[in-house]
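Naming follows writing order (A, B, C and D), and every chain is counted from residue 1.
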Amino acid sequence: MGEREELVEELRWKKFPVLDDGFVCLVDVMGDDSSVVQAARVSYGAGTKKVSDDRTLIRYLLRHRHTTPFEMAEIKILVRVPMDCWRQWIRHRTANVNEYSTRYSVAIDSAQTTRPDEWRSQAASNRQGSGELLPTDMGEKLTASEQELHALTKSTYEARLEMGVAREQARKDLPLATYTEAYWKIDLHNLLHFLSLRMDVHAQQEIRDYSRTIGEQIVKPLFPVVWEAFEDYRMGAMFLTRLDRELIARLMQSAGKEGKTPPYSKADFLTVQDETWKELKRCRERDECFGKLQRLGIVAE
Amino acid sequence: MGEREELVEELRWKKFPVLDDGFVCLVDVMGDDSSVVQAARVSYGAGTKKVSDDRTLIRYLLRHRHTTPFEMAEIKILVRVPMDCWRQWIRHRTANVNEYSTRYSVAIDSAQTTRPDEWRSQAASNRQGSGELLPTDMGEKLTASEQELHALTKSTYEARLEMGVAREQARKDLPLATYTEAYWKIDLHNLLHFLSLRMDVHAQQEIRDYSRTIGEQIVKPLFPVVWEAFEDYRMGAMFLTRLDRELIARLMQSAGKEGKTPPYSKADFLTVQDETWKELKRCRERDECFGKLQRLGIVAE
Amino acid sequence: MGEREELVEELRWKKFPVLDDGFVCLVDVMGDDSSVVQAARVSYGAGTKKVSDDRTLIRYLLRHRHTTPFEMAEIKILVRVPMDCWRQWIRHRTANVNEYSTRYSVAIDSAQTTRPDEWRSQAASNRQGSGELLPTDMGEKLTASEQELHALTKSTYEARLEMGVAREQARKDLPLATYTEAYWKIDLHNLLHFLSLRMDVHAQQEIRDYSRTIGEQIVKPLFPVVWEAFEDYRMGAMFLTRLDRELIARLMQSAGKEGKTPPYSKADFLTVQDETWKELKRCRERDECFGKLQRLGIVAE
Amino acid sequence: MGEREELVEELRWKKFPVLDDGFVCLVDVMGDDSSVVQAARVSYGAGTKKVSDDRTLIRYLLRHRHTTPFEMAEIKILVRVPMDCWRQWIRHRTANVNEYSTRYSVAIDSAQTTRPDEWRSQAASNRQGSGELLPTDMGEKLTASEQELHALTKSTYEARLEMGVAREQARKDLPLATYTEAYWKIDLHNLLHFLSLRMDVHAQQEIRDYSRTIGEQIVKPLFPVVWEAFEDYRMGAMFLTRLDRELIARLMQSAGKEGKTPPYSKADFLTVQDETWKELKRCRERDECFGKLQRLGIVAE
């Protein structure tokens, strides 16, 4: 067995735990870093053979969004995940899916539970995220009522089955937190796209946990060069709009003229802001722009 | 306003009720029967102009699975549907979807309920379907416990929100029967494919109700010629395998030789059965074949 | 190396010739017959474990168009194919593709040529197919003029490159018969769909040659049980419309009443034909129906 | 007829010429700017109703790559395009397509021709693009030989048809520059993705001409707010990698310390370059980074 085969065999069926009772594991993989190179080189023909080594080529392809060579590798995993989280997951339409059927079989007897120190408050800053953790005494009450609810949903489901209700109907009031299992198969390009969205800070904590596990425990060892490029060009990237670009250029020019050194002030920033922002008291796009320039060390508050 | 525009305006936003609190309604439509013809004629060029009228062409295309012209019409609907049913729905990956977000807003305060006379027993004949209705006295108990469960899931959800739990986490134990809403946009070919699978007798009752409503209330008036062809060539079709075909041919030949008239007996059928079936006591494929020949009036039990 | 690995290694990179200068070869494969079973069993859960053996399950799935388990296997091939044929090929949108770039590199110096005994006449029976071969003396002239044309396209292309014309522009008048190469990766379900359409008698000869080679030389040895089911339920299947079905039923009933034995005559057939056909002198749907009943041995001319 | 209907009717079937004998025209459209808003608001539920006006919401969605609401509008166009260009076009797999069939009908009697002042040299800077125009005297010769070649391909094609060769075979040596026609239907999100790639400076001139025409003549008037956002956030955007970001931050910090004002020199840039670049004489990624900082006015050469 070659080195690659050993690595794959070591990973295959190894269950990486996620949440209280979920997991992800590798089932199969087609290709490695060199498959991306192989596919790219057919596009380029003999022309590129010696121009660049594999790592440089992979990085070039990912940086310039030449996506098709990354479609030439494929990964299949098995996941155990709460239905709530799975609902978000399969909004990505480019994967192949086989899910456990609760029409055909009795539902998996497990629902995601929340420890007293895991309850999150509604985010103040945005309407869809979570904020700070709630105090533990509140958490105790919440977890207790979660247990009570799970007990009732479970006993109701079981009572229905005992009374002979069809499985497809009996399941109707299972909580969204009920675990399901599925095979999920996707090409590397679409997997990276999924991960870039679902490892993002705006994604819900639960699916971020799954994504990070898939990325770091499975994709990274299997495709080390691609993963490095992904971190440099996707996860670590910043995107400047036309308005951002032009603002920076104006800021540099005026700073050059006026002999000012960085970092620049909020006032300097506002002086060169986009014309369309000037009249606005609150402007999310301006706030986002300022945030980017802060992260670049161009401005400081 | 032309006749078509009037028809569309009449349908648009008209809510066709499904289940106890769901609905489907047309939001927008691109094209009509003639769009299918228009697209087909570009493929065929001038060559086919006079060969056949529109109805004949549409029927020919559908009968011979020339699918691309049917992709040239598009329908957008708004649905209100239990999440349980929606989970099956969006397994079809060829549609565009925008769903109500229970991260962003408080969940819709409605879950599908079941009347005492609507509880279905587990099918005896297959593992995944429903059989007869359960007796009403049993149904009374089941409905009562459903109400109790819904009351608890509702109060638990509300208590979480009041205690400041993030909406994305508070929703975790909502029942699968909770209603959601979504815009769903799909081309006519893929819609017909969806309907052929979900109007089928093997589909779950709930999604069949939605499919039939979409088909009969929306697609049929908007695309009458396509719909007629769909009923003749998809819903009303029968599919014979190589083994079925060869069995019929053998049966006809031996009946011809022996001077037997139809319908033929089970014994006649078994005499000409496929070689590979002969040794088997139980054989699902043989049962299916016999069922087809019964429906064709070739055999009778 | 296990048996499977040996089989795969034996096939990998083995070029199966197609046409005068084309080929297909296996690059990589994920899964085998048992991957289909594995995926199906997660859907069915524990419920189906002992009900049926693998072959029976695979056949059941394919017969009943349960397509998702077949998406869990994946094949990657390398093809060398005339652009003309490739144009039809990539109309199938469900595959991953990396094609040789004639912007980046000089075009492959080969175009498909036709031997004097390979020129086909226009089909009389349908507008899009080929009929009989043309006489060889005509073929000699056609092949000679093909050579003359290829010589000019080749020298023109080379002259452009020598004069410094950009490759992306120089290629504009290459003949459609010019060979290209591509990696092509697709899941087993979509591959079977592709093959069922492109191995069909209505497909153009050239793409049928490629399809048959892929099917018989690559898919069949790699997925023997799936391939057998595919031949029985796809390639060898017959599809009866509602009108066909009802006609057969009427024919059986009247034959039973009148004591007639099969095969039945054209007149018998016409007596029970669909009401909507009666008024029509020419009716393609009726002709198709009669053809099916002939193949079933129910009628004879 | 409302304003919108008038606009659509004015555009519909209006042929915008592209190249010497090509065109694009609108066939149908579903939705407008407000359809994007409509779809987004169902996702957000009542929560967002008053938070932002439509333009602000559309811009927010596009800036943050919330792509699904843009899938809720759909455009159908008819194009006449050289097959060479069309080959690149249909590599985008997310559209619906019906193309003129040269199996069914005689090929369109037109191939793209090149004026003496339109011949482009091979790019020196990259392997796949075009550079300067070639001198007109050279162009005269190239155009003359193009005409000669077109004359022969045309007469050969016609001779084959006259001798009775099947259309599907006769076409095999048509030049790639032969025009074809197709209906092409795509949702707004995928259309914008197509345009961002094909209006790009790296795309071939011919497909850029088509893309710009579609974008500016059809999409812009039909979806003015979306188009403005597209120009600001896609076409005019710049993407900074992790390495770019960190370099800028280091540059700002050292400039702050050393009291240097922008723009900075190549030497300043090299001092803070990424560690992994230092050892490299040639480094494309470094060149790209320097180029970005130039465009931002941060460095100057």
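One rule holds for everything that comes next: a contact is a pair of C-beta atoms (placed from the backbone, for glycine too) under 8 Å apart; a residue touches a chain by one contact, two chains touch by 3 or more.
Since the model is a prediction, treat every value here as computed from it, not as a measurement.
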For chain D, the least number of touch steps when starting out from chain A: 1
Chain C against chain A, contact positions shared by both copies (same if over half, else different): same
Most distant chain from chain D by Cα centroid: B
Degree value of the rotation bringing chain C onto chain D, based on Cα positions, nearest 5: 180
Inter-chain centre distance, chain C versus chain D - centres from mean C-alpha coordinates, in Å: 33
Centre distance in Å when chain B and chain D are each reduced to the mean of their C-alpha atoms: 39
For chain B paired with chain C, centre-to-centre distance based on mean C-alpha positions, whole Å: 28
Residues within chain D bordering two or more other chains: 44, 47-48, 97, 101, 104-105, 127
Chain A to chain B touching residues, read off their complex: 82-84, 87, 90-91, 93-94, 97, 101, 103-105, 111-112, 114, 119-123, 127-131, 134, 138, 141-142, 145-146, 148-150, 152-153, 156, 159-160, 163-169, 171-178, 204
Footprint of chain A on chain D - complex, ascending: 44, 47-48, 56, 59-60, 63, 127, 231-233, 235-245, 248-250, 252-253, 255-256, 259-263, 284-285, 288, 295-298
Of chain B, residues touching chain D in the complex: 28-31, 35, 38-40, 42-48, 68-69, 71-72, 74, 76, 78, 96-101, 104-106, 181-183, 185, 187
